[in-house]
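Chain nomenclature is as follows: A, B, C and D, assigned in order of appearance, with residue numbering initiated at 1 for each chain independently.
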Amino acid sequence: MMVLIPILLPALMAPVIWFAGRRSSLAARVLLLVTALLHAGGTIALYRWCDAPMEGEYLGVDPLGLWVVSITSLLFLCVSLHAFFWLPMARKYEGGAHGRSLMSEHLFCSILVCFLSTMTLVALSRNFGLLWVAVEATTLASAPLICFHRSAGSLEAMWKYLLICSVGIGLALFGTLMLGVAIQPPVGAEPGLGFTVLGAACNTVNPAWFKAAFIFCFAGYGLKMGLAPFHTWLPDAHSEAPSMVSVLLSGALLNCSFLGIVRVLGVAPASLRSFCNGYLVAFGVLSLVIAAFFIIRQSDYKRMLAYSSVEHMGLLAIFFGLDEEVTGLIHMGVHSLTKMMLFLIAGNILMACGTRSVEKVRGLFERMPRTAWLWAAGMFLICGTPPSPLFVTELLLVQRAGWWLGGTILLLLFAVFCGMSMIVFRMVGGKAAPECAVSRDAERAAEKLAWLPGVLAVLLLGWGSLLIWNFMGRL
Amino acid sequence: MDGVAWGIWGMGAFVAFLFSRSSSIATGTGCVAVCAGALAALAGWGARLTFPPCEVAGFFQLPILVLAVAGAIHSLGYLKGHGEKRAGTYWGFYNITVAAMYGVTLAGSPFQFLVLWELMGLASFALVAFERESKEVMRAAWIYIVACHAGAAFLIAMFFFGGTPTAVFVLGVIGFGLKIGFPLLHVWLPEAHPAAPAPVSALMSGAMIQLGFYGLLTYCTWSLSEYALYGWTLLGLGVIGTFGGMLFALGQTNLKKLLAYSSIENMGVMAIGFGFGFLGSASGNAGMSLFGFAGAFLHLLIHALLKGGLFLGAGSILRAEGTLEMDRMGGLLKRAPFTGWVFAMNAAGLSGLPPFAGFLSEFLIYLAALAGLTAPGHYGVFAMSLAVLIVLALTGGLAASAYVKAVGAVFLGEPRSPEAAEAHEVTASMKWVPGALLILSALLTAGASWVIEYGFPAYCGNTAGREMAVCIAALRYVGVFSGLLILLAAIGLVWRFRLVPRSRRGRVAPTWDCGYRNPSARMEYTGTAFTQPLTDFFAGVLRPRVAEEKPEGDFPRKSSFEEWIEDGGVRFLWQPVFRALAYLAHRIHVLQSGYLHLYILAMVLTLLAMLLWAFLFSAGTEGGF
Amino acid sequence: MTAWCEAVLAAFLLTDIMLAASSRLLHCIRIVAAQGLLLGILPLVIRSWSEVHPDQIWISLVNIGIKGVALPLLLILAMKQANVRRELEPFVGYSLSVVAVLGLTGISFWVGAQLPPPVEAGVRLAMPVAFSTMLTGLFMVMARRKAITQAIGFLIFENGITLFGTGLMIEYGLVVELGILLDVFVLVFVMGIALFQINQEFEHIDADKLNRLGDWSAPDEEDAEALPTPAEEGR
Amino acid sequence: MANPTVIWLSSFLLSLILAPLLPGIVNKVKAFFAGRRGPNLFQLYFDLAKLLRKEGVFSATAGGFLQVAPPVSLGCLLLAALLLPHGLVRSPLGFGGDAVLFFYLLGMARFITVLGALDTGSSFEGMGASREMQFSALAEGAIFGVIGFIAVFTGRAGFTMLPADGGGEWWSVHAVSLLLAAAAFFVVLMAENCRVPFDDPETHLELTMIHEAMILDYGGPDLALILYGASLKLWMYAMVLMMLVLPWSICGTWLGMGCTLGGVLLTAVVVGAVESSMARYRFLKVPRMLVGALAVALLGIFFRLVFEGGIQ
């Protein structure tokens, strides 16, 4: 029953936060923080199954799920910490300043915790049906979060997110059902869509059905994870959502969706593994291409980050397509942390400048030195410049990929770097443009908020140095 | 000792970053750390030194250490009153850069090399972007970091799936060439060097770009059977780089841009040297091989010293005049005589004129070319030697006129602008450091023969034998003649200004003005005008841009003529390419049209395509339950 | 018994085509309700009456309750909210839509033909029919302008999936079954809220007003030559 | 058979002494063609003596290069003179590649002179300096073409026409290539010494001057040094030319020395003849002439290699 704690606890906290938060926003924020802490505790408690996986019929813990849950929990903890300071400022600088009506805090926080519980459910479910339900639930829980500022743009983004993702997830459900048909459990074994059941029976599989099943699951979960050309909803949602939600969407939710694909791969018979890998690599590379071309000359820095998420999801797919699971998982974790840092900074910049357009933001170094430093540093980190951990993972990927694939990946990564660095330098350098600042206070507030990304940056640099140090001898 | 050095540098960086609030602490610790670390490293270097020292790295480490110290001391004056409040950043990254550069020369494994190489680029990028308020500086920095990344990408490819020696070499030439500044890969140099603070430009141009050759020699040219290929490639690149670099240097109006192009030229000279070295070994021409390698390695040291001195001098000029546009300067010699004379001598040295150091290496490379002519080799080698001979000669002439232009436009004549008129001599540190480098180069001139005799990397061919004797003898002769020249000049000067009776020593009068009574600074020949005949003659290559207002009417009011030269590589290759890419990206953005319907359509089509592929083209669908 | 199933499936195809042909939203919603009803009936007729498990009946009832009654009512509510009666100028004309749906049906039958029949029979045709229903739903999303029509299309798509599940008698177990139902219900609920919000924000629910986000700016606005290119910027 | 060193030394001293004679001869010849009596053959000696007794004048603009230039450049020239094979004897100070050093020393002399010219800030001297640098830069190419020729010819990289492998009698064999090389070098000689088709030493219009324009501001001892340096330079170029054209068999004999001196003086006569038979080129045409000289030198090498059997 310990498995249920991290899932149910946030779900149960939701109404509490709702009622308590109506009185005072402080209560909502504190409770949010408390929930995050409890969830982190619950996650740590799960580690007793780290070595010996626990496989129930519906729920269970295995290293993969545990890793995803840990990332999610850590991100949520940081985000709620950020939210604790950010929400009041948001009301002050983003709501009032633009005459927008913001979503009420208690509602926001309670939906947030629901989102957390659904994501945890995804990571811990051991049954394809349940997995699907959970993934769909994440969509439902995250959709309202997108329009925290009730603007036309955010509503549109939410609508697209809702519709496209639901369609995609529908495809995934179709695929799941086909999986049930494809893998016939031996006679006598009770039927069902449990991983264990299907995994045990995966040698009595019908290739044709399995291929169809895989394709639909891949399309569905791939859509939710933002692989091109299914990524179309992603930039809108990630750019319109408030930054802390973007963090969860791109740092945690994408991983969870990817987990869906990995689970399907888990029950794939060895004979069909190459078939699946082909799709993974192909769509990974396609995502890289799309991301590269959309990052070059991107005019909205939050969209730039969203496309960089597409890029990294593509890399993740390639990792698994080349059977580099472990490195892939490291990459996943690093990407989540780095992307969290970047999105938080982007949020601060947005709060201070009130615009998402690259052209209008200039001379950050003069106005917000800390933010500017972190923004530039984060850019280098996400692009895999040493000492970023991504340097090592991407290096291993390229090495594994060999001449043509590796060369292509290098080229595309380089293109991405060109686009991103140009945008970032334009924002941080040059003379400050006075007209785009909301107010001096807003800038100061943003500077105050810069400490969390700073900590993250130090963390990542340390991790990267450690990783590089480990590989010094080996490569 | 190296560990100690790195420790000191690291601590220096750390402290500098930590105390970036107080510039004095940051500056003090930073500068001291650089020097102390360099000393420690030097001690380590000396300890490693065996006789004869057979390691290539030594030749690359000395410039790093020397220029690191020189630049650090020069920065003390250079930063005073300019961006002092960011001293912490500056010194932190300065230390990291130095440490990374030194580390690159000691890296044990490809991975270490890559990491340090990237770190070097990153840290130096931060230094290039030091004056980040300026849009141009940020743009230059962008070009620089992009070049670094591209190079790193090629190096990764080289290290991790290089394959055949040829592939390794090609990838290496591109990857390292982006750092060295081989023709067409050179675009970042003329952008980054003017943008960076002068000490940083000195460090980069004098020590960092040469590390590209270190990489080439260490990681790409290990296959004896490919020596001919190495030789031909390097020679070809070198010839183009030498000539083109100098040609474009000739047309520059910005002093540091001119110096940057001359760096491209000097890298070309080194490439020629190494190319001769490899080609000689391949074609069994011992003399050519020895002279080539010796010349290249000597040029490495000499170029580091002289170019370092010139860039630091340019920094002093910038601080004295407040501009780098040569056509707005003039008459600085009277206001800052010491800087002026040192700059002039360094310039003469880099245009390869005796008695200065620059002549030695060019001389050796001439010898290599002549060895190629005298030895009965096959036509290719012969033709290449001849081509190099001619090109080097022409380049020598061009270099001389380019540097005459620089010295003349900056230091001589009357000031061409008010700010030039109230220029002043710079602070002691900025004054003496270039002088010290000049003295070092003079010592090198005297001791060149010993450097070659003892300090010559063994693998570069036979270190004993007739050729070696010839080489050493020639170097000694040149040294003696340089001494003699200095002696003669001294005698002449003493005679003219001491022995000639005071009554005839000369009085001061206005310049002969051909009857025109009141000459003004606007009548002077500008630097652009000085080189205009040559740039016209080579207009086919340089394609100068001209903007002129012709005088019209019987009483012409205002007329103007402006000519400037844009980088050929940027103008005709990279700019179009990048434009095309940007345009393509712009077009591709139509995919994200914002129409939900189209998104869904794309999704469905992809899905159907996947199914089609799975069931039509990929095997293994048959088989039931 | 299969005769009944065939009939249900045929009815499904028929409803798809009617959907493609009908312009009035109320009509479309009625079709959704009808499909919900059919889905509820299918598990009861798919096997002989004696074998029907009692809680199967419950599930069917819930199914009918939600898909046949609740969701259509929600949709009608939303429609009244946005006071739109009919789908005007769709992207794809009605007659053409019918042809398209037929084509999609053909494709789905081809896909179905690729897959060998599973051992425990269920209904052979369930797969193609379900797939064609899904495609029809997606087609509605693509071809119609109104947001509400897109919601309807999505429901059709959902029905297709459920049809597949029940048609092939896949055991997901009670939890999953209910979970799925719950999800769909909540989804439509959220969609309704979203529609309501959008309706307030934009003057009328029109999905192609929802195309302001995106990276494509018309070329005449910014000409590629005028773009700052790395080489010349700052000149 | 005399001691080569003695020959070299004596003819070295002779060159230093006789150098100022050359301009006199040239002017005499020009006068002869013009049907005038012309100045005294030893005019330059008188001028030098007079100038040395006069007072120097320096521009107020000058910052130091103007003053320093004449002695330093003369020093370079004298040092270069030490490398020449006076009297067709290899200089005792010669070494492999001394030819390179020789021409670079001349380059240094030019460098400092040009800086001196720019030091005055006068537009005319700037103009002269600019032209000087342009022409010399292009001349370098032709010069090194000739050096390459020598290297190919003798198999050695230095100021000698003695082939490394003993060699054979070659005026019979290599006449064509030798003539080509000599022709190329003669063009260079005219250009580098500011002779007529390239520059007009007698002109009085600053706009048309090259070398003269650079030294407008000199007077007294400085001018003396410059004039002497110019004559010495002419002498040295003539000497190199002699090295190319004279048969090597008379090397190291008094006869050789005599031939050399005679040849040098004869060169002056030829120069005078050419000067009086031609008009100065337009400046645009000069570079073409120099590139042409380079081409001729390369052609010489080509002949030497292909038709006269260099490469097997």
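A few comments on the model shown:
FYI, contacts are C-beta pairs under 8 Å (C-beta built on N, C-alpha and C of every residue); 3 or more make two chains touch, one makes a residue touch a chain.
Since we're looking at a predicted model, the values are computed, not measured.
Path length between chain A and chain D in the chain contact graph, taken as the least number of steps between touching chains: 2.
Comparing the CA-atom centres of all chains against that of chain D, the greatest distance is found for C. Chain pair with the most C-beta contact pairs: B-D. Chain C and chain D have Cα centroids separated by 96 Å. Taking the mean of the C-alpha atoms as each chain's centre, chain A and chain B sit 45 Å apart.
Each chain gets one centre point, the mean of its Cα atoms, and the points for chain B and chain C are 66 Å apart. One simple way to say how far apart two chains are is to compare their mean CA positions; for chain B and chain D this gives 35 Å. Touching of two or more other chains is recorded for residues 135, 139, 142, 146, 582, 586, 589, 591-592, 596, 600, 603, 611, 615, 621, 624-625 of chain B. Multi-chain contact residues of chain A, defined as those touching 2 or more other chains: 159-160, 163, 167, 184, 206, 208, 212, 235, 294, 297, 418, 422.
Annotation for chain C: residues touching 2 or more other chains are 111, 114, 116, 118-119, 138, 141, 150, 210-215, 227, 230.
Pairwise chain contacts in this structure: A-B, A-C, B-C, B-D. Looking at the complex, you find that chain C touches chain A at residues 111, 114-116, 118-119, 130-131, 134, 138, 141, 147, 150-151, 154, 157-158, 160-161, 164-165, 168, 170-173, 175-176, 179-180, 182-183, 186-187, 190-191, 193-194, 197-198, 201-202, 210-215, 227, 230. Across the complex, chain C is touched by residues 135-136, 139, 142-143, 146, 570-571, 574-575, 578-579, 582-583, 586, 589-597, 600-601, 603-604, 608, 611, 615, 621, 624-625 of chain B.
If you check the complex, the residues on chain B that touch chain A are 109-112, 114-115, 118-119, 122, 129, 132-135, 137-139, 141-142, 145-146, 149-150, 153, 156-157, 160-161, 163, 581-582, 584-586, 588-589, 591-592, 596, 599-600, 602-603, 606-607, 610-611, 614-615, 618, 620-625.
Only residues 159-160, 163-164, 167-168, 171, 184, 204, 206-208, 211-212, 215-216, 218-219, 223, 229-230, 232-233, 235, 271-272, 275, 278-279, 290, 293-294, 296-297, 363, 365-366, 380, 385-387, 391, 395, 398-399, 402-403, 406-407, 410-411, 413-415, 417-419, 421-422, 425-426, 428-431, 468, 471-475 of chain A touch chain B when the two sit together in their complex.
Listed in rising order, the residues of chain A touching chain C in the complex are 58, 127, 129-130, 132-133, 136-137, 139-140, 143-144, 147, 150-153, 155-160, 162-163, 166-167, 170, 173-174, 177-178, 180-181, 184, 191-193, 206, 208-209, 212, 235-236, 239-240, 294, 297-299, 303, 418, 422.
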